[in-house]
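Both complexes below contain chain A, partnered by chain B and then by chain C.
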Partner chain A sequence: MMPLLAWAWVFTLPGLLLTGLGVPTGQRRAGYASLLGPPVLLVVALIALAQGGSYSVTFDGWLPFLPDGAYRALADPLSALLLVILGAVATVVYVYSLGYMADDPGKRRFFVYLDLFVAAMGLLVLAGNLAVLLIGWTGVGISSFLLISFWRDRPGTLGAGLQALAANAVGDGALLLAASIVPTGCGALVNLGTSQCTAGFGGAEFLALLLFVAAAAKSAQGPLYFWLPNAMAGPTPISALIHAATMVAAGVYLLVRTHALLTLAPQVSLWIAAIGVATAIGASVASLFQANFKKGIAYSTVAQLGYMFAGVGVGVPFAGLFHLFTHASFKALLFLAAGVVIHGAGGREGLADLRGLGRFFAFSRWGFLIGSLALIGTPLITAGGFSKDAIVDAAINSSTPIVGWLLLAAVILTGGYIGRLFAIVYMAPAVDPHTVHHDPGAERPMNWSLVPLMVGSLVLGWVGILWLPSVLPEAIVGPVATVPILNITGALAFVLGAIGFLGVAWYVLRPQAALARGETSYRPDGWVRAIAVGGYAVSDAFSRVQSGLVARYAFGSLIGVAVVLLVRVVAFR
Partner chain B sequence: MSSEVLVLGTSAVLFAIGGAGALMHRHPVALLMAIEVMLNAANLLIVLGARVHGGADAEAAALVVLVLSAAEAVIGLALALALFRRRAIPDVDDAVELRG
Partner chain C sequence: MTPTYWAVVILVFGAVVLLLVVSLLSTHPRVVAYAGLPFAVISAGFGLQTPQPLALAIVALCGVCAIALLLIPVLEPAVPQHVAEAAALLLLGTAGAIGLAQATDLLQAVVGLETLALSAVILVALGAGDRSLEAAFKYIVLGAISLASLLYGLGLVYLGGGSLAFPTAAQIAASPLVLAGIVLVGLGIAFELALVPLHWGALDAYTAAAPGLAGFVMSASKLAAAFALGRIVLAAGASLGQVLIWIGCITIVWGTFGAIAQARDLRRMLAYSAITHAGFIGLALGSGPAGAVTAGFYAAAYASMAMLVFAGLAGPWSVDLRTIGRWRALALGLGLFSLAGIPPTPGFWAKLAVLVVAWQAAGWLPTLIAVAGGVFSVLYYLRPLPDLFAALRAEPSVAVDSRPVLLPGVVLATLAVVVMSIFPGIAWYLVRGA
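For the complex of A and B:
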């Protein structure tokens, strides 16, 4: 199956053409032609993964201006695993979209964009060298932009899409630079770690740094995190497929794929781990203060990607890949469960609007609960427990154990933010239940598509520890061939997560009684007010410099020149 | 008074005139002309340097400055044109949208 898998990125193109050309006709059946692509991709990738082996396709001289301009596609167990994830989540999301977009006039366009995304993502995963990778890398960025800005008439969506495009352009630029500096004939991803390939400008460290920048832009790590929360302006199925499960994980995939290169660049690896930890903690804190349901989950995605980066950074790519695998399932579940409520509430996403409305959607409520349990790493019964534990363990046993301890401590934040979202939407008493409207025709495909993800969130951990190490190449699985099923750090992580979950849930639900008694809500303390007033004063003082008057700026420059000349004359007389 | 000092003084006076004009004029085109005067003052100094020290380097630099000033005029005039289109009275002190 590997030879067929090497061309798997074309599987959704027939659907793209048919749907785009208006086959079959009618609003209800729009997108039906696209439904076949992802399941075929899933089946082919699964069989290929089970069979093993590898297969590469090469056409020389295809992009002559790059050092390695051949078209190279490589189908091996790693790309097969990523394609399994892509095919599975895409299948679920396609079915879900039939319900979510049922009444949307742009349904047909939506499925065309989805097909385009799956094709580009397939090309990214199957890329055998940097040139082809760059095409897939840019392709997913463009389809991400198209889908974020899908409702382009709504305020803010176009800006959010352009923001994603801009952040991704940083990564594209880094990747293009990487593709340009490798020595001639040396763009193949599997060879990047060899000494002859790192002989270009800057050596292995610089090449690894470029790949890290590209990965950080795609996976919203470090300072480049900002686009992902805003990308939630797009439809919810997109948030699940592109901005939780597949595209944002491409950065982790790239680092796993080029892991041989990272071992040659310990400084960069350290940076990857550090940025991963910082992002995990920062995004977890940010998620606690979101007023928008989907943005709360989006910050969770950023944080979990930080865990994966940390896993790769401490030198255990399998841990990062494993978490990518399970995270795809439970984070897609969280998003799609949230989408059911958002759809039922007429597209409103604010937590104040959705307060308590989740009670009316049983599937969504169970789905979100299972997803939350997997996210905080409930051991044995959910997938997240295994993979998060693998990362924490790997980090604690690495040369920088502080990374592991920080990641372990951050689990309490994970529990806190997901507990907050769950308590507000699914447990609090509904403020205005009459705004919920049930549409059985649209809800049925959405509810059913949650079921495979629920199952995945529960059992994929066992799949990951029992099956994956035997099918993935030795170089990726590395020294940690067996992940402990349950150990003290895993139990500790779960206890922390549960404390966070229950504590914040209790805190969220508690003020209800106080409000009912007619007590006033939060009032800022004196010192909080002082910080705000002081901040405004400083800002006013400095903003006065920015008068907007050209003449005043020019006068400033002239005075500056005069001072420099004066100093020059006085000092060097 | 040697001719070098004369040219030096001319350049300084020209620069002062241009600078004062750039600070005081409110019409965009007049502002651009004042900036041209400042550029020419600087160019005069470069040519003077070329004359004193000999060699073609400084003269080449003077040519570069000429080209740059032409490019600057193009951008400046485009800005002036944009200002003309947006406002009834083109006044650079009126365009303070970037005020902090």
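For the complex of A and C:
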């Protein structure tokens, strides 16, 4: 199956074409043609993962101007695992979207974008060298932009999309640079850590730094975190698929894929761990103060990605990958469960509006509860317990144990923010039950698509410790961490998480608790806004110089020529 | 006679035929356009027989000319009485551009450049209304300044070296007169590229010209100037290359900031984008021996996508994007994606190629500037997307903007971009060889 899997990125393209061309017709059946792609991807990837082996596709001389201009696609157990995640979450999200977008006039366009995203993400995961990776990397960024700005008539969505584009542009730039500066013949991702490829400017550290910047932009780490919470302006299924489970995990994937290079760059690895920890703590705190339901979950995604980065940074990429695997399931579950409530409340996302409404949606309530338990790392019965413990353990046993202790302590924040969201939406008495509208036709596909994610959030941890180490060779994902079924740090993490969960839940459920009415829009804030405003001001000044007066133009030309002559002929003679 | 000369002769002959014969028989725009087409096609055929790197220059220039000819039928209503002139000037301008691109000494460069520049000025003036007349006037005045720079430089080179051949690095090192001369010559030709600080006239001209003709003026002048400067820099070495690197970087910054402010005016944004892309060509030109080839490749990629965008916009000067119909909206979207440098489009390949040579020869700072200018351009190119999506859904209006007469031009331009997206190696082969 690996040879077939190497072409998996084309699986959703027939659906894209058919849906785009209006087949089948009608609002109700719009998107039906796309439904086949993700399950096929899932099945092929699962079989390939079980069979093992690897297969690469190479066309030499495709881009003769690059250091490595071949088209290289590589299907191996690591890409197969990522494609399993992509296929599974995409299948669920496609079905869910049939309900969520049932009455949306742009339903057809929505499925076209979804197909485009899955294709681009598939190419990203299957890329064998930097050139192909760039295509997928930029492609997922563009489809993410299109989907964030999907409801373009709503205020703020276009701005949120452009923010995501701008943050991603930083990462794209770093990757562009990496693809351009590697020594001739280099570019294959698995070979970046060889001595031949690290011989260029700055050595392994510089190359690793570029990849880290690219990964941080895609995964919203460190100062580049800001676009992800605002990306929640898109439809909720998108938040689950792209901005929780798959695309934002691409940064972690890239670092796992190139971990051989990271081992040669201890400085950068340390930075990855440090940024990961700082982001995990900072985003967890930020989540506690969100007035928007989805933004609260989004900050949780940023924080969990921080855990994964820390895992990679301390030199155990397998732990980061394991958490990526389980997180895809329970975070998608949290988002889709939230989406059921948001859909039932007529698209409103403010916590003040949604207060107590969750109790009218049983599937959503159970789904969110299971997702929350997995998020705080309940041992044995949920998936998150195993994977989070794997990261914390690996970090404590690394050369920088402080990383592990900080990650462990941050679990109390995790429990706090998810407890707050659960208490407000699902436990508090409803302020205004009349705002809930049940639409059984639309809710049925949404509710049922939560079920596989609930199962995944419970059992994937066992899958991860019993099966993954046998299918993921050490050569591909680095040393496979031995994950204990239950140990003292795992139990401690759960206790901390539970304390946070119950404490904050109690706090917001007090009768006299007033809910902060904060900003619920997707306007950029802080330094992001400052940069944008400054950029426009400079830009305005530049266009003012072009006054339309030919005399000034002539003067400008002459002065320019004179300056160039003076600098070149006199000063630098 | 080499194939290059045949290509030029056929284009000039075509211009004469259009003016003296076709214009007497018919002034119907389509007749004129299709009468001019064979000359461009035959000339391109000769281009294929020329050695690299000139092969790419001639093929691309003839392709640009052919697309522009196919767009003639949708010029402004005021223009049709001049359609024969417009078509003839397209052929003549292409001939001049080939002359400039193949120039082996400074005098040839001057002749080719002036043939191209004067044709371009009149083509700009053929847009409707005072706006384009004013822009054409500015273009010719500022063109005169750059011509003065070029001729003065030519004089200095002759004075210092005693020859009109492109001065070599040794000659430049020996005489400050030759150095000053070659810098002035470089700046004179940089006017055609629209590099800062000689971009002023071009910016207004690109904004005001009729869409199809604007595409030709931008693309043809960039192609010709890139190849001509490439030859000059190859001979002159780093003494001129350093100048081009830094002018290129300043141009990238200038064009990027200028474009960001043009939220409402697509034509103005495209004009600034032409400036930014010129900066990339300048940076490539300065980046050593491999840079000249890359600059040619970049110019060809730019030409394909600029022609596609203007084929999508062809029609009245100001067009409501929401009414252009779905096929043109798709074509225009593809063109904008390519200009923005989104993979896998020619604009992206060309940018990558420039980054590779810039890193090797120009150093880290110019490369970083190019990366930044390249990636942030996405922010302004994608702004018209909502209107284009509206066009995808809306019924095309019955106005001039969606007449099927446009189809051949749009299809040809789309084909060029798609082929360069999937097989960028073809253009690379034409400019560099296997």
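By definition in this document, the second predicted complex is superposed on the first by the 504 of 573 C-alpha atoms of A that agree within 3 Å, B and C clash if a C-alpha of one lies under 4 Å from a C-alpha of the other, contacts with A are read in each partner's own complex, and residues count from 1 in each chain.
Note that a residue touches a chain if its C-beta (ideal position, glycine included) is under 8 Å from a C-beta of that chain, and two chains touch if they have at least 3 such contacts.
Predicted, not measured: the structure shown is a model, and the values here were computed from it.
**Q** Quick check on the superposed pair: does A:A169 touch chain B, chain C, both, or neither? Answer first, second, both or neither.
**A** In the superposed model, A:A169 contacts chain C only, not chain B.
**Q** Considering only touches as defined above, state whether A:R29 meets chain B (first), chain C (second), both or neither.
**A** neither
**Q** Taking the superposition on A as described, I'd like to know which of chain B and chain C A:V569 touches: first, second, both or neither.
**A** The second partner, chain C, only.
**Q** Report for A:R529: first if it touches chain B alone, second if chain C alone, otherwise both or neither.
**A** Touch partners of A:R529: none, neither chain B nor chain C.
**Q** More residues of chain A are touched by which chain, chain B or chain C?
**A** C
**Q** Determine, under the contact definition given at the top, whether A:H437 touches first (chain B), second (chain C), both, or neither.
**A** A:H437 sits against neither chain B nor chain C.
**Q** Could you give the residue numbers on chain A that contact chain B in one complex and chain C in the other?
**A** Touching chain B and chain C on chain A: residues 542-543, 546, 548, 550, 554, 558.
**Q** Which residues, counting only chain A, touch chain C once they are in their complex?
**A** Going through chain A, the ones touching chain C are 61-67, 109, 131, 134-135, 138-139, 142, 145-146, 149, 152, 158, 162, 165-166, 169-170, 172-173, 176-177, 179-181, 201, 535-536, 538-540, 542-543, 546, 548, 550, 553-554, 556-561, 563-565, 568-569, 572-573.
**Q** If we count contacts the way the header does, which residues on chain B are in touch with chain A in the complex?
**A** Touching chain A from chain B are residues 19, 22-24, 26, 31, 92-93, 95-100.
**Q** Would you mind writing out the residues of chain C in touch with chain A in their complex?
**A** Of all residues in chain C, those touching chain A are 137-138, 141-142, 145-146, 149, 176, 179-180, 183-184, 187, 196-198, 200-201, 203-204, 239, 242-243, 247, 254, 257-262, 272, 294, 297, 342-344, 348-349, 351-353, 355-356, 358-359, 364, 367-368, 371-372, 374-376, 378-379, 382, 385-386, 389, 424-425, 428-429, 432.
**Q** Enumerate the contact residues on chain A facing chain B in the complex.
**A** That would be residues 542-551, 554-555, 558 of chain A.
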